[in-house]
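Data block below; observations after.
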Amino acid sequence: MSPPHTVSIRVRYAETDQMGVVYYANYFVWFEIGRVELMRSLGFDYREIEEQAQCFLPVVEANCRYKAPARYDDLLTLETRVLNQRTSMIRFGYRLLRETPQAEPVLLAEGETVHVVVDRAMQKTALPERFAAALRGMTGHVHE
Amino acid sequence: MSPPHTVSIRVRYAETDQMGVVYYANYFVWFEIGRVELMRSLGFDYREIEEQAQCFLPVVEANCRYKAPARYDDLLTLETRVLNQRTSMIRFGYRLLRETPQAEPVLLAEGETVHVVVDRAMQKTALPERFAAALRGMTGHVHE
Amino acid sequence: MSPPHTVSIRVRYAETDQMGVVYYANYFVWFEIGRVELMRSLGFDYREIEEQAQCFLPVVEANCRYKAPARYDDLLTLETRVLNQRTSMIRFGYRLLRETPQAEPVLLAEGETVHVVVDRAMQKTALPERFAAALRGMTGHVHE
Amino acid sequence: MSPPHTVSIRVRYAETDQMGVVYYANYFVWFEIGRVELMRSLGFDYREIEEQAQCFLPVVEANCRYKAPARYDDLLTLETRVLNQRTSMIRFGYRLLRETPQAEPVLLAEGETVHVVVDRAMQKTALPERFAAALRGMTGHVHE
């Protein structure tokens, strides 16, 4: 498998809840940052896909397993991978880690999102080839 | 001044932060509920204004004074008033209260939002007369 | 299986994104409303569990399948069930529906969350018996 | 006045709404990032103030004037200043700008937040001197 794309995320105060840890729904907001930055690293702005190709990637499935809490002001590393890609479907995988000064990073959460490719009328369409090709370069020989 | 429109709001866990109280930005989300429900009470869906009249009400100014914290699971009362209305501007005022069993309600926050009326291209336009008339009925003789 | 607990949810403007539909992470905020209101219907405030029993229910797993988009101002019905319950684990199931005037409700999403029961120090503990018993009354003979 | 502290903010998809621009309440989440990063640049973690000094800075007043919309994926610059500081009060000022390739940055919004210094019991207290001194170094001769 190709190495994942990584991006740093600083936990915002707004993202915590009264349990003193990050509210669980916010991990999915971070996953969005992971896949957008992965696309940018491939030379694509997701904005561009929407604006120029009139192509949208709504989520049809999302899941997350929470291993250890993220806390306010933590500097986290989010790894994002393309797990699977078909004509009008993409599946991303995510691993969220907290770096620690003298030890191994701690795995905080793992998750996946599945996206379908649709046009402005929300009808299934194919991902523009230019973009599909770039993603294929990332997935390598991953088959499920 | 006419009596305000009132709506009940139950505080969500997601809306708290690690200080154990509601995060300050969320009051503005509640203010949106107040003005939307005020419009609905006048026979208008804000959705309808956007979809049919292609008329949008972006916020150009927002402010809030926080008097006492709102806490998880509190059942709050939000009062909303039209403070001022011109051809392409509306100003709403809000008071957020917590009901208490045997005493006076406690004022948690007060705020205002100012909105301009724009078309889909974000150009200033006039509020559809049908809607403007209904709002005028609410403002009474308030002039600033 | 016992009938689910149901609660109504009005979609907020803040919950939409520029695709014109509700942002996917917000469904998990609604799921929280579902389980909290289910507990309230059993005579328990989740607030009370935290404050009096010093017992917390962090999420260890969350997932959602999105079938059809929720839109601004939709009035939705959220069904919540206790799918499974052990000494220090609870699994909730959710179905989100949009009522339609003359037809069957439309299923928008389905999901589950798994919670562990922990004390203030985030150590696994048992759910207070009073609360566990009430939940058992709801789950009936569901075993997985 | 001292030069402001600046921090870059990339607009998240989650922060947009169906008007195609950033939802107004999210500017206040960004303001929080501005003041936290300003403190960090002075050698203080806000986390440290809460954890070690048991000192909290709840917002008692917040306001924002919106000049031009922020859009998805925009890379923004947030300038933060300490406008005013007393024993148990701090006022921050914010200017949000969008950089443009060949022209002057565009001012998107301006705002302020006022904070009181409280202890864990939400009673007014004095800001720890070490922190107060560092902030004073930033405010220069600003008096109101």
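Which chain is which? They are A, B, C and D, in the order written, and residues in each are numbered from 1.
Here is the rule we use: a contact is a pair of C-beta atoms (placed from the backbone, for glycine too) under 8 Å apart; a residue touches a chain by one contact, two chains touch by 3 or more.
Quantities reported herein were computed from a predicted structural model and do not represent experimental measurements.
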Imagine chain A is absent, with all remaining chains left in place, and give the connected groups that result. one piece
If I rank A-C and B-C by number of C-beta contact pairs, which comes first? A-C
How far is the middle of chain A from the middle of chain C, if each middle is the mean of its Cα atoms, in Å? 24
Centroid spacing, where centroids are CA-atom means, of chain B and chain C in whole angstrom: 28
Give the residues of chain D that touch two or more other chains, as numbers and ranges in rising order. 13-14, 18-19, 21, 25, 29, 32, 72
Would you pull the chain A residues touching chain C in the complex into a rising list? 19, 21, 24-26, 28-29, 32, 56, 58-66, 69, 113, 122
Taking the touch rule as given, give the residues of chain B at its contact with chain A in the complex, in rising order. 13-14, 16-21, 23, 25, 72
Within their complex, state which residues of chain A touch chain D. 10, 12-14, 29, 32-33, 36, 45-47, 72-73
